[in-house]
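Input: structures, listed below.
Presented sequentially are two complexes of chain A, the first with chain B as partner and the second with chain C.
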Partner chain A sequence: MVVAFFLLPMARLIVTGASGPSGIAAYAAILVEPRYRATLINTVVLATATTAAALVVSTIAALFLQRHRFPGRSLLIALLTFPLALPGVVIGFLIILLAGRQGLIGDVTAFAFGEKWVFAYSMQGLFLGYLYFSIPRVILTVMAAVEKLDPALEEAARTLGAQPWAVHRDVILPALMPAFIASGAIAFATAMGAFGTAFTLATNVNVLPMLIYTEFTLSANIAMAAALSVGLGLVTWAALALARSAGGTVAAAG
Partner chain B sequence: MTEMRRPLGPIIRRPHVLRARLLFAAQLVFTLLLAAFLIVPAGLSMLAGVTENYFIGVRSGLTLRWLAQVWELYADTILRSFVIAIATLVVTIVIGLPAAYALHRRGDRVARLVEEIITLPLAIPGLAIALALLLSYGNFSDFRRSWLFILVGHVIFTLPFMVRSIMAVLAAVNINLLDEGAASLGASPWQRFRDVIVPNVKPGLLAGSLMVVTLSLGEFNLTWMLHTPLTKTLPVGLADSYASMRLEVASAYTLVFFIMIIPLLVAMQFMAGRGGLTGGRR
Partner chain C sequence: MTAHGVAIHLENCGKTFANGARALEPTTIDIARGETVVFLGPSGCGKTTMLRIIAGLETPDAGGRVRFGDEDVTDTPIERRNVGMVFQSYALFPNMNVAENIGYGLKIRGIGAAERAQRVAELVTLTGIEGLETRSIDQLSGGQRQRVALARAVAIRPRVLLLDEPLTALDALLRERLRSELNSLLRALGITSVYVTHDQAEAMTLGDRIVVMRKGAIAQIGSPRDIYFAPANRYVAEFVGAANVVEAECRDGALILPGGSLPVAHATPGRAVAMVRPESWSIVPATAATLTGRVETVIFVGDRLRVTIAGAADRPLLVDAPNGLAVAPGQTVGLTVPPGAVRLLAGEAA
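Right, the complex of A and B next:
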């Protein structure tokens, strides 16, 4: 079953990628041809920015949620992790409601600054959407890592006179590094391959999954679409292999 | 609050307490804002789905009109999504349960390789898997046109979650010992499977099932490539409505999706809270 419906098709995909007019060079074209390269760079920059932002905000929240017990804490955790299984298309639509023409941000900024901010269909909108689905994935992994931190190390640093900032920089953040690598790689892979969110929002922005889609459907350039998706698959696979070697287990669905 | 445990005198403790409180408040506000970023748009979309005219706002009145219109336009996609999700669940259990058991029993290098292959679709974007399926089976036109084509995609995408979820439980309960105990008491393989294995893997099976149904109901990346005009699923219809319908209809449609998916998400959270036996912390 798995062989017939997964392995064989994947092999076929790899072969097709090299079967176009330019043959195996189609794979090189991803890096050489300006249009493909620009899209690739765009996508990598966007995914990197998403990953960095998700790591920062999620770590602040995760540290806070694991160190304090207060009423409503578990509800807050539930709210922060609920988008984990939301499809990308829906997330795209939520960003439209937030930053589109009739969006909340537009209304608020129109009221506050007299100027309506509408950016759902731009790189910023895409970034916001990617951030939306990255936060739950990162928060779960980082929270689990914070829970396993040895409080004795932190206390030792404190009793030795380290300032809170120094404790964070020299003790806590290094100890969380494996979790950062694991969840960061997962967030990066998910952002690279995100199709649903891009499909709703990326009308003016070029990202790799959209390029594959348009090559396949509009230009009927099947060989190039196959080569591009093999390239994309390799990138996400490598990122997730990195995540796994750092102990991450949250899968990159969506 | 390690602050409280500091073995320091009361003289220098007071400013620390104040600072700790301020820090607590700042972090709480930050975390609440983050949660708001995730929840507010979802709330907005639900509200917009029952608002007469979203441009004017809630004061234009609430209505179920848009929901009725969604049902009229998209009922078939909603039903089809349910059918595909249930079929995906059945197939993933039928394949996944024996596969997980066999992989766990063997536990050697071959088993690990097979496990790698089964979980590989997690690491590859749905778009690439869909293209691969289209290139390989797109010419079998009857198959291509039926919803079974989508089912195949969904099974490939969700099977890893089922297998992992069951394997996590198998590893936790030391199933080999129980199994051997039953075998030494004379139980046949089928009896052991039915009376020892299945009851013991139930939590994993349940967690995996919730995940599979949730993912199948919301799957878009593969389905968008695999669908035909006659085999649209709910997320495909959603994408359609986002592109071509007025905001209220798109929101009402999204509301229907939320109504379907939220009980599943809550059940998953509940299961995770009771011991987290989901396939590797999802």
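Right, the complex of A and C next:
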């Protein structure tokens, strides 16, 4: 039953992908057709950039939060993880409020430079939105890993003559690597498949989930939508598998 | 390797934590070049704080100075103090193999690969971990980890070697073996070493001098023999080794006990607290001694018998007897002790 529950829809999806007028070539079209290929590349680049930025921001924040105790610290942690509670549509809406045509950044830049900056509907807007929901996913894992670090590791490196930056390069960051891999894979997978945010923002950019949606609903090109879905699934699955084989324990969060 | 390292002078080093807790009273102590000093005490006695102040991992309260030889290092950051440290958790870097761990301090100092490899090989031999060079840390046993940690600390030719309970995480048998290995290694290196432990057997084996600590202050400093045979007070007597501490009236050169009298050298009349080590007693026929008691338990511990004798003093006395002696519970026996083995503890009547 369980096997059927998981496998039947997937098998059906794969079969559907090859059942269009172009048959199995629909899969090749993902890479050959310029529009599909550009979308695939866009999506992978966006997901990669989001993951990298989320890792950098989260690591700095996690190390800072671990080392400093200050009033309001737990409130700050709660706020950092708050976006987990918001669906993608709401995050898209937040980005529009921030960088849209009536957005805060637009108003401020219009006032300061006489020019309205609007980037909510572009790649940058998507990136910002994706970053917004990726950071909480990454920061919780990285913070837990930082908390588990033996403080003696850092002390040992310093007694051996390592300056603080060398301690980070040689000891702390490598020790956090499993957490980076695990949380990075989750962030990548989430960014690859994010729909709500993309749906709210992506008027100028095409990302895979959007493309699948338009192929399916607007063009009624069900076979191509299925093929693209399988393609999206493969890329994401490959990223998770890579992370798992690299030694990270990838939790089934997302 | 010849003797190296420096003398350590701690001057008025106290430590009060941010929450107001006083971990260490202002303490002054000198450690000679090449000497091994063991800080001994229960947890929370300030011994680790003392070690961390020497390492530079804690700064002493205002007024405290730390000097290595003639150099004042109080404000020198850890990474420039050139101390080797072995941690209780070993703190080996999990992302490096054994050789990389040992060579890390040399690499940071910009020492070339060839020279580094030679030094690592030297230390691998010295600590007896040949063949493990390319192993990752999680493939090592506790004893092997401890050796790697030691080799890593010594590799940089530190001025001072600091060891924070390095054997505590090991099982008893291994601990005993490594203790004597560590002892010969420290002698061979001739390096100034500070060793922190709560285990008095370790302190006895390793220390040129032992600093017994209690509640953030020094209770006694002395050689292992001094500490054992001439404890300065009741706390030291009871913390180091097994001790019978009795409180009694002293009259006519003898302690007046419930089971008779016990002659004491250099006795002054009045209330006294005296200590006798279990192995100082001799069990003799009741008629041959001025002090008698009733045998309560006899425990065979292999090399000797541990006998408890009730009725002789205000509480049962521990007595170590030869394992061939015929004693049985219920028997009344006499106890004698050489006069010098009764140690009067000053001002400690509780």
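Convention: the second predicted complex is superposed on the first by the 232 of 254 C-alpha atoms of A that agree within 3 Å, B and C clash if a C-alpha of one lies under 4 Å from a C-alpha of the other, contacts with A are read in each partner's own complex, and residues count from 1 in each chain.
The definition used in the following text is that contacts are C-beta pairs under 8 Å (C-beta built on N, C-alpha and C of every residue); 3 or more make two chains touch, one makes a residue touch a chain.
Remember, it's a predicted structure, so these values are computed and weren't measured experimentally.
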Which of chain B and chain C A:A175 touches, first, second, both or neither: second
Partner chain in contact with A:A225 - chain B first, chain C second, else both or neither: first
Chain B versus chain C as contact partner of A:P83, first or second or both or neither: first
Which of chain B and chain C A:R158 touches, first, second, both or neither: both
First, second, both or neither for A:F195, with chain B first and chain C second: first
Partner chain in contact with A:G233 - chain B first, chain C second, else both or neither: first
Partner chain(s) touched by A:L13 [first = chain B, second = chain C, both, neither]: first
Partner chain(s) touched by A:A61 [first = chain B, second = chain C, both, neither]: first
Partner chain(s) touched by A:L242 [first = chain B, second = chain C, both, neither]: neither
Partner contacting more residues of chain A (chain B vs chain C): B
Touching both chain B and chain C, residues of chain A: 155, 158-159
For the chain A and chain B complex, residues of the former touching the latter: 1-2, 5-10, 12-13, 16, 57, 60-61, 63-65, 67-68, 70, 74, 76, 78-90, 92-98, 102, 104, 132, 135-136, 140-141, 144, 151, 154-155, 158-159, 189, 192-193, 195-196, 199-200, 209, 212-213, 216, 222, 225-226, 229-230, 232-233, 236-237, 240-241, 249-254
Residues on chain B engaged by chain A in the complex (per definition of touch): 1-2, 5-7, 24, 27-28, 30-32, 34-35, 37-42, 44-45, 48, 54-55, 95, 117-118, 120-129, 131-133, 135-137, 152, 155-157, 159-161, 211, 214-215, 218-221, 224-225, 235, 238-239, 242-243, 247, 250-251, 254, 257, 261, 264-265, 268-269, 273, 279-282
Chain C partner contacts - residues on chain A that touch it in the complex: 150, 152-153, 155-163, 166, 170-171, 174-175, 177
Contacting residues of chain C [partner chain A, same complex]: 55, 57, 77-85, 87-89, 91-95, 104-105, 108-109, 152-153, 156, 162
